[in-house]
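Below you'll find the structures, each written out as structure tokens.
Consider the two complexes below, in which subunit A is the common component and subunit B and subunit C are the respective partners.
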Partner chain A sequence: MTRGRRRSAWNYLFLAPYLSIFLVFLVIPLLFGLWISFQEYELARKAGDVPQFIGLRNYNDALHDDYFWKALWVTTKFVIFSVPITIISALLISVGIESIRGKREQAYRVAIFLPTMITISVAGILWRWFYNSEFGVFNAILPVKVPWLLTPNWAMTSTIIMTLWWTVGGPVVILLAGLKQIPEAYYEAASIDGAVGWRKFFFVTLPLLRNVLLFVTVISVIGAWQIFGQPFIMTAGGPERGTLVLVLYIYAQAFNNFHMGYGAAMSWLLFLIIVVFSVIQFRVMRER
Partner chain B sequence: MTYRLRLLAILHLALSLCILSVTSCDRSSSTVHSPVKLRFWNGFTGPDGRTMLALVKQFNESNPDIYVTMQRMDWGLYYNKLFVAGIGGRAPEVFVVHADSLARFTRANFVRPVDDLVGKNGIVDPSDFDENVWHATERDGKHWAVPLDIHLLGMFYNRAMFRKAGIVDAKGEPKPPTNREEFIDDLRKLKGINGPDSWGFVYTWQRTNVYTAIRQNGGDMFNADHTKTTINSPQNVEALQWCADLVLKEKLAPAPQDFDAWVGFLQGKVGIAFEGIYMLPDLRKQDGKLDYAAAPVPLLFKQPAAWANSHSLCLRANLSGPELEAAKRFVKFLSDHTLDWAAAGQIPVRKSLRASERFQHMNEQREFAKEIPYAAYFPAVPYNFEYMTEYEYGIEKALRGSQTPQQALDSAAVKITRIMNRFNGDSGATP
Partner chain C sequence: MRKWSPVEILVFLVALACIIPVALIFLTAFKPDSEIIQFNGFFPHEWTLTHFREVLGRPEEIPIFRWLFNSVFISSSVTLLVLTVDSMAAYALSRLNLRGGKWIFAIILATMMVPGQILLVPVYLILSKLHWLDTPWALIVPAGAGAFGVFLLHQFFKGIPRELEEAAMIDGCSSWEIYWRIMLPLSKPALATLAIFTFIGSWNSFTEPLVFLDSVENYTLPVGIALFQSSYANEYGLTLAASVICTLPIIVIFLLFHKHIIKGIATAGLKE
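Coming up: the complex of A and B.
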């Protein structure tokens, strides 16, 4: 055995615990999902029925299902609004925190990151109570009665606000790490050239943060397409399907109505959408 | 160096193997007289779960030859776990299914009929049940489950608010409404009585509130033999119109918010709510800060009706031998002890138990039990989950005023017809 081969054998041995879990809980279910997406796979099937291979019918059904398109549109709206708001907020917050020195920086960092540590079930129930238009805390404080979760558009807005609070900590921490990597010397050089305040931010910070920003954006977009917990807990997709995002619809079809094959097909359609978006993002941000 | 590495690797491997096998490690129990093991699954995750656990413990102590283990999970997860287990042939021996979901399970052959187990000397005597309740677990001429309880929709009202609004009888006691005129009149008096955000009535669970109205108006979801949906029938449209008018025209109820509106009742800002008896533990938690009482739902339309459902005890299909004998004893035990179960916020289904002295002291349950003769179960169809989504979408649109009741129910009818065709046409695929 050559040295190289021996090393790689050892590598696999070390990776084995992770790889086995990765394989059993991710790769195999993924492929199984692909397999059943070509079948009429009913969990609650009639006695004696077996899943039938039906080719692309599930995919075709999805493309002719108006609820699928509605869910796709709702999800798109969420991605379009939620991601830029989250990224811009994260950037501003991280630059703000970076400018603070000493112990207070730590405190702010913890405060911003803390909501991310809360599970969605807890955060969701908490915010559902906050948002309650008759008896919630927001409307008790505000002078006007806001229909937070009562109309489709407000429910979407409320979901975006809650998502910002809940998820902004992750990008902030990553961006902070990126900011710390920018050598002080660049800022000094910029100062000597006469750059101040915002100019430093636009001509030094942003270009040097590009890779980190790309990473954070891609992760956020992927996460946003897969939004589930927030509407699942806060609105159950309502009112009037106004927050029935794609994953929630997939869940409803697969796990409430037991149409597993159909759910799997829609999941793969969502996967394709995410892949396309990620590729576009990489292209666009790399070329600049 | 290599030796150390190897040692590390072996340790690593041993550790991961141990983690993987840990689930199988704790199953090494061997008793000399191994009792018959029964698995009992249900969705009782609230205070009702604690009561049920105590009953199971009591059963295990008094029946040393049987050992029941109970597993409970949220109702939302429960049914699909049950299906996965059923398909894999690992269904529990005894499990709970709601009466209106039973058709889905009998169709999949997961459930054993209990006709041969009931009767004068069987687990239970059918004559001890009200006919409509017993009928709710019947299908295709067979009886599939033993109803454990009946949870009816009833009226909870805030006595303090009633007094403040002057809705009292001759003796000065708060007087709950019994018909539509009194109901509307009371809502007018109650609105704003405890501040600008207080209401006479709120819609909590739209599904059950509206269904009660529909059934009171003589309507239903399907025709008698379930071959056609009647969801957009004139009676249903009329009932839904009245429900929507309460919010949109009369402004006597806020826009519906489902369970969150219930919080308003707990906070003493809502005079009347139509809710299930299972909300009782929630009310009792208020520690006397909320002066409430229960009464039957008023007669709002042509005939009395109140939504109801039953937790029903099912046996796994093909259950036989000692397991069947054990399951029979367990089901009988639970059915005999439903007064304990009822204390947690349920109503016993057996007439003999309701006649007991103890039940007469359960004030709220006793009031709700008056509705049993006209208990209105959702039709037990195998596509219950699918049509329910369309029904809820429809009534939500109407109650919010984004569509008229006619439009909302018409489009629900189109979707439901499509669902029915699929189910009847083939094994039931996608939308």
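Coming up: the complex of A and C.
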């Protein structure tokens, strides 16, 4: 009995290294961030400047900050357009690849996943050059001149297109794995019932893929709310703040202006938005 | 050769659209400036090494070898750290029947849904208290907190038959010996997948090094390259040559291990 107990106490040592990092750099920051959001926490301003508890004032400030609302609106637009475009494209691509058998199937998968492997600074600079209105690749190839990054609406559109290229690979790979799990017998049964092509897709594939689709959508929405690198590199939030997304604004407030408390409060607002969105998605997509 | 269906032609075009931008990084880096400014086709008419010479030959302004070294050092350290702590934790949680183990695992899994950006400000302040800002530690140690590896290895360990362990236990092996001599050698495929994922993720990570590093010589490659847009905004040749140096190692790893990588993503996605 004692031996056994001693042994099990030693066994906790296996957990100790991971759990200490997990606590210090994940659990504590989560709660610490909430605590900071109730403080006036100005970093490196004056020596001896002590953080002060100010209750909900940071949150109140955010709700009266035009730039916060602007950033929220810009990010919402991005989520609303980017996620459905990415998921529907991924769905069509994966169904397309699934219909191809043999060696070429894996080649297509690799090709479509390749952009995901490029770091955002390289990808962003590359596409900034594609979009450049004087000597960019797109305007050199296309018959019309498009002000890709020069007007707010075009800049948002360009960001969505670039994001589609950069992120579609992940959902494609996951959806393909989901498609492989659908038993062939279901399609055969549908064929016997006279279903062809699109009918099979809508009455067999989609319903059976629903859970995977839900997972991929939730992950994409969470990712889309946190968009940062694309506008940071390609547009710096412009023009006319047309691509000033929330995380970019949080970054500017926290790390350029050193308003740590304000940055933390806006981070928590973003967190709440993401939680609410995820819960709604689970409700809507599960129940149907 | 088999005939191409219309669907396959569409898929082929999409695949092409995905590859061409990546290929353009490499092809354009060898173009002279005149051909970059006036786009004249995908392949250079005149191949040149000017941009590479320039990007490698100005170590005071562009310390690209330092960035390369920093990236290699940080990504390797993160990979080693993650493999070590995650495999130990996953072993304990999947095999040792710890009291409260289920709860601990559930909490760890739940944090996979926490958006990373929300941790930026508090982790920055914690790192500043530890005096780790602007050092590699700021990027290495916090990267060990992720839940993905624990989850992946936990799933894998569960599938290893218990008989092996029981036999070893009868022979008087401690749990440390079982972990080291049985679980780790049997889990090589899962460990390899996790290693590749972690290395690529760390190599490509952008926001953390951008926020936690300050001095140019401490930058990693992705942040170093981002610096180009402020200093050499429209010198795309120079930037793309640096991008080749940053991207090539990852593309090589990806092409070598694409089966591992794609399978890893697929399993992680399906098992939720």
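The working rule: the second predicted complex is superposed on the first by the 268 of 288 C-alpha atoms of A that agree within 3 Å, B and C clash if a C-alpha of one lies under 4 Å from a C-alpha of the other, contacts with A are read in each partner's own complex, and residues count from 1 in each chain.
By our rule, a residue touches a chain if its C-beta (ideal position, glycine included) is under 8 Å from a C-beta of that chain, and two chains touch if they have at least 3 such contacts.
Since the model is a prediction, treat every value here as computed from it, not as a measurement.
Student: Please tell me, clash or fit, for subunit B and subunit C sharing subunit A in the overlay.
Tutor: clash
Student: Applying the document's definition of touch, where does A:65 land relative to subunit B and subunit C: first, second, both, or neither?
Tutor: After superposition on chain A, A:65 lies in contact with subunit B alone.
Student: Examine A:10 and indicate which partner it touches, taking first as subunit B and second as subunit C; both and neither are also allowed.
Tutor: Both partners.
Student: Just to be sure I read the superposition right, which of the two partners does A:170 touch: subunit B = first, subunit C = second, or both, or neither?
Tutor: A:170: touches subunit C, not subunit B.
Student: Once the shared chain is lined up, is A:255 touching subunit B (first), subunit C (second), both, or neither of them?
Tutor: both
Student: Looking at the overlay, what does A:213 touch: subunit B (first), subunit C (second), both, or neither?
Tutor: Neither: A:213 stays clear of subunit B and subunit C.
Student: Let me test your reading of the model: by the given contact rule, A:135 touches which partner, first (subunit B), second (subunit C), both or neither?
Tutor: both
Student: For A:204, is the partner it touches subunit B (first), subunit C (second), both, or none of the two (neither)?
Tutor: neither
Student: Among the partners subunit B and subunit C, which is in contact with a greater number of residues of subunit A?
Tutor: Subunit A has more residues touched by C than by the other partner.
Student: According to the stated criteria, A:40 is in contact with first (subunit B), second (subunit C), both, or neither; which is it?
Tutor: Only subunit B is touched by A:40; subunit C is not.
Student: Which stretch of subunit B would you flag for clashing with subunit C, going by 45-53, 99-107, 225-233 or 297-305?
Tutor: Residues of subunit B that clash with subunit C lie in 45-53.
Student: In the superposed arrangement, what residues of subunit A touch both subunit B and subunit C?
Tutor: Dual-contact residues (subunit A): 10, 14, 17, 43, 128-129, 132, 135, 255.
Student: Quick one: which bits of subunit C touch subunit A in the complex? Just the residue numbers, please.
Tutor: For subunit C paired with subunit A, touching residues are 2, 5, 7-8, 10-12, 14-19, 21-22, 24-25, 36-39, 84-86, 88-89, 91-93, 96-99, 104, 108, 111, 113-126, 128, 141-142, 144-145, 147, 150, 175, 179, 200, 203-207, 211, 221-223, 225-226, 228-229, 234, 236, 239-240, 243, 246-247, 250-251, 254-255, 258-259, 261-262, 265-267, 269-270, 272.
Student: Give every residue of subunit B touching subunit A within the complex, in rising order.
Tutor: Against subunit A, subunit B makes touches at 5, 9, 12-13, 15-16, 19-20, 76, 80, 83-84, 87, 104, 107-109, 197, 199, 202, 254-255, 257-258, 260-261, 263-264, 267, 269, 382, 385-386, 389, 393, 396-397, 400, 402, 426-431.
Student: Of all residues in subunit A, which touch subunit C in the complex?
Tutor: 7-8, 10-12, 14-15, 17-19, 21-22, 24-30, 32-33, 36, 41, 43, 93, 96-97, 99-100, 102, 104, 106-115, 117-130, 132, 135-137, 140-141, 165, 168-170, 173-174, 176-178, 181, 212, 215-216, 219, 222, 225-226, 228-229, 232-233, 247, 250-251, 254-255, 260, 263-264, 267-268, 270-271, 274, 278
Student: Touching subunit B in the complex: which residues of subunit A?
Tutor: By the definition above, subunit A touches subunit B via 10, 13-14, 16-17, 20, 40, 42-49, 52, 54, 57-58, 61-62, 65, 67-68, 128-129, 132-135, 147, 149-151, 236, 238-241, 252-253, 255-259, 261-262.
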